[in-house]
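Look for chain A in each of the two complexes below; its partner is chain B in the first and chain C in the second.
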Partner chain A sequence: MTFILWNILIVSGISGGLALLLVLADMFIANYGECTIDINNGKKQIKVEGGSSLLTLLGDNNLFIPSACGGRGSCGFCKVKVLEGGGPLLPTEKPYLNAQELKDNIRLSCQIKVKEDIKIWIPPELFSIKRFRAKVAKIEDYTYDIKGLTFKLIEPTRIEFKAGQYVQLETKPYAKNKSTVSRAYSISSNPDHEDILQLIIRRVPEGICTTWVHDHLNEGDEISFTGPFGDFVIQDTEADMFFIAGGSGKAPIKSMVEYLHNHGSKRRMVYFFGARTKKDLYLTEHFREYEKKLPDFTYVPVLSQPEEGSDWDGRTGYVLPYFQEFMRDPAKTEAYLCGSPGMISAVTKELKKLGVPEDRIFYDSFA
Partner chain B sequence: MKQTPKEIQIIERMQPGILTRDGFLGYDERHLNEIIETDEGELQALGITAEEIADRMDFFTERAFDSYDGPIVIEEQFQVEYKSFRGKLVCPFMHGGGYRKGIIYFTNLKHNFQVQWTPLNIHLIREHHFFQGKGSKFRLEPRILSKVLF
Partner chain C sequence: MVLSPIIIFFAAIFTSNILLTNFLGMCSYLSVSKEIESSFGLGMAVTFVTILTTVLNYLVYHYILVPLDIVYLQYIIFIIVIAATVQLTEMIIERVSPVLYYTLGIFLPLITVNCAILGVSLFMVIRQYTFMQTVGYAAGSGLGWMLAILALAGIRAKLKDKFIPTGLQGAGITLIITGIMALAFIGFSGVVVIQ
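Here is the complex of A and B:
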């Protein structure tokens, strides 16, 4: 009996000693001290306390690398080029990197633990990305599965962006979803209204963020987002403009049309909005108003499957056959597309067939 | 059942709220390996491989992508429709790349039977023989797929 008790005491003592050693090791050995993160060859240098992920440390210093999973290594979006330091590539990163990226030493910033000085390179436009806090000022039901959201900015109080850009909205924990994710949504408001931000969000079955927006977010709630991101923006020319976007793809087009109106644009514009049935149409009156406000703007809703017996007397089928009717000079036409890869591909093919130069077709693909 | 660190990580990624709202395992309490092995056994009994099923799903999916958001009928017997959403889904087994976030609605007109899947489903079936856990929204039954896809 005494022998057993002694054994238990010895084993417990050893375990306790090892636990204490681990705590001490964490305090002293794993103390990486101050490290320097050099970004874009000295453009910015930040001093940080080592030990956290590169993504976190950059975020703490107001440098926001796009990430959808909140740093859990499950989205593969937070890529940066490591010029020096960073330790060896981890097995958790490899699946997200292609051969060229591996060769270029592209890494997932959420998987790099900063333990020493590190030099990285990021796209220069990321320097202007900010994190915003805002209040939900209005939630509107546009259709059965699309909502329009208006946020009033709290901090910073103003946002500068270009029509066509997007932000990453951060969810809050709800129901079984205990952590935060970020998802990209195009901004639908006019860039001239710098104190508000609008988004158009369609419910995605099984979607973590869209379920939160549709079922859990209320007017008056506080939210956070980062941005602006993206290069799907209006080209500074006088060319005719074709907008082609259905569903929530209407968001960047709304922003563009409102911006162009505010700046007195005289460009010829046609917006083809493809939908299935009448219940998929929204903001129709809004765009009809812009037909009156702008000197040469036409809104063309097209229904592919109008309900039987419906009073729809507009265009039917797909939008493609109607392009020619509105095309003045294909060589002097720009197209702005937002939607599924299938739609982008079909529309691009048709526009090229009509003579629109490929380098004048701009798109924001859902893929 | 003993789990490797990688298995633990994969199972974590399959939980609700990590990659999708409700996760990949539904109410299935079996170990991931057991789910996969049971479905592999069923495929063997049916005399079909996961690759053959994935190939057929790929065929319909490609046609659905091309259909530009409207339903199309293939071989006079199958109707497919693709609903697209913004973004990509990643593989819980940590394969690289992303899979289009969209749903393929497939109807076998002869049997009047409908199933739905995502591009990620095809990858999970082809590469991992994983048809998802019972009760998962995108669980696909090998027995049903073997009947309706061909």
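Here is the complex of A and C:
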């Protein structure tokens, strides 16, 4: 018996000693002390405990840099200009920066760890991005894997945004996910309704945030989000508008169409909605109503795999071949795309082939 | 005959290369050998960790395990020492060179389970090396591992845009190259015998 205890004691003793060593090392080696972050040449100065990423530290101080991936270094949105400090450029940042940005010392704020005093410059409009608390007012099942969420704002009570912008929804810890993550979702509600916010969220298998929304979020729960972010917004012209977005990409388009209607737009609009089968269609009636309400709006759902024997009498296949049919003057057409990077590049290629100028193609790519 | 630590050092690099004659530490060897730069970084990290942990394990073995007559616990203890040392190395690298830290990425923690490192500690016990012999053997093994991965990275860089049959691309051709390299290294093995 003593023999077993003796063994346990020795192994624990050695492990404990090493653990103590690591704790001491953590205190002395990984301790960067207090650092100062200077923003926009003294407009704001914050003192922080060094060692964490710049994105996190700015977020802790209510400065929200856009980030669709939540700091994993996979979206490349959280760019800031570093004027001083920040250490050398990391291989994880390079793929997201072009030659001009490299020259200007633009960096990804999620990859930089603050270990010394640092001076940065951010676009001044980021100062107006806020963190909102809201209550889940309604959860609707749009399809088997897409839900529509309506939030009633608690604090601040109003949100000002442009149709097409997005917010970063924060998850609460659930099941095995012990920490909060944030993910970007386009706003689907009309910007004129300032006291509510709607999102459309499709379930992603194994997705941390979408699983939380689909399986753990209930009406009446309180949530938080930051925003609004993004420059995927309606251009103030009279050109024809082509909207191309499938799945949950419908969110910003819904917001845009509702906004345009509210403000009496007379522009010609066509919305191509690609889906697989009839059960992937949603909000069809909603858009059919807008066909009547707006002077010249056409909603074009296209099914790629309508079930055998279904009563689908609409268009089939992919959306690309149908652009021609609705195109009047390619040079005077604007396209608004929302979807996966693959979809965006395929559609952009097709539109360019039809003669739509590249600077009139606007998109919001799922990161 | 008692072998000089210097002979053991060179033998561990060339004639008894831990990777190419014992085939230990293959995992990171196969996955990080695409670029010479990161291979070099990982090689340096492995060399550093091997020397440090083997010396620590020597002390632990001779001054704790043997006197207490619990040498059968060596596997557990050695692994714990290696894991802790890797953690420490990680902290130091992050502080000193963030670029190297991100280049090594997930491979730094992978050193913990690099069997070449545990292998060196175990061979040191089996072969009953003295302290100086252990230092020579650890340094040689680390550098030998680095030599092997650098050689492979060089070969892979040259093969990058050459035609390789589809079925052999990636791991297949890498293992064949490793086999040929091993044959070449084993060719030296008659010169000095350290085991």
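Assume the second predicted complex is superposed on the first by the 261 of 367 C-alpha atoms of A that agree within 3 Å, B and C clash if a C-alpha of one lies under 4 Å from a C-alpha of the other, contacts with A are read in each partner's own complex, and residues count from 1 in each chain.
The definition used in the following text is that contacts are C-beta pairs under 8 Å (C-beta built on N, C-alpha and C of every residue); 3 or more make two chains touch, one makes a residue touch a chain.
This one's a predicted model, so the numbers in the text were calculated from it and none came from an experiment.
> Which partner does A:P205 contact after superposing on A: first (chain B), second (chain C), both, neither?
first
> First (chain B), second (chain C), both or neither: which does A:P306 touch?
neither
> Using the touch criterion from the header, give the chain among chain B and chain C with more contacted residues in chain A.
B
> Under the stated touch criterion, which partner chain does A:K113 make contact with: chain B (first), chain C (second), both, or neither?
In the superposed model, A:K113 contacts chain C only, not chain B.
> For A:P341 in the superposed arrangement: first (chain B), second (chain C), both or neither?
Once the two structures are laid over each other on A, A:P341 reaches chain B alone.
> Applying the document's definition of touch, where does A:I14 land relative to chain B and chain C: first, second, both, or neither?
Only chain C; A:I14 stays clear of chain B.
> With both complexes superposed on chain A, which partner does A:L90 reach: first (chain B), second (chain C), both or neither?
second
> After overlaying the two complexes on chain A, where does the chain B footprint on chain A coincide with the chain C footprint?
92
> Would you tell me which residues of chain A are touching chain C in their complex?
Of all residues in chain A, those touching chain C are 6-7, 10-11, 14-15, 18-19, 21-22, 25-26, 29-30, 87-88, 90-92, 111, 113, 115.
> Please output the residues of chain B touching chain A within their complex, sorted ascending.
Those residues of chain B that touch chain A are 9, 13, 16-22, 65-70, 82, 84-88, 90-91, 94-98, 100-103, 137-138.
> Considering only the defined contacts, which chain A positions touch chain B in the complex?
Going by the criterion above, the answer is residues 68-69, 72, 74-76, 92, 94-98, 176-179, 181, 183-185, 202, 204-208, 211, 246, 248, 274, 276, 304-305, 318, 339-343, 345-346, 366-367.
> Please output the residues of chain C touching chain A within their complex, sorted ascending.
Residues 60, 64, 68, 70, 73, 76-77, 80-81, 84, 87-88, 91-92, 94-95, 98-99, 102-103.
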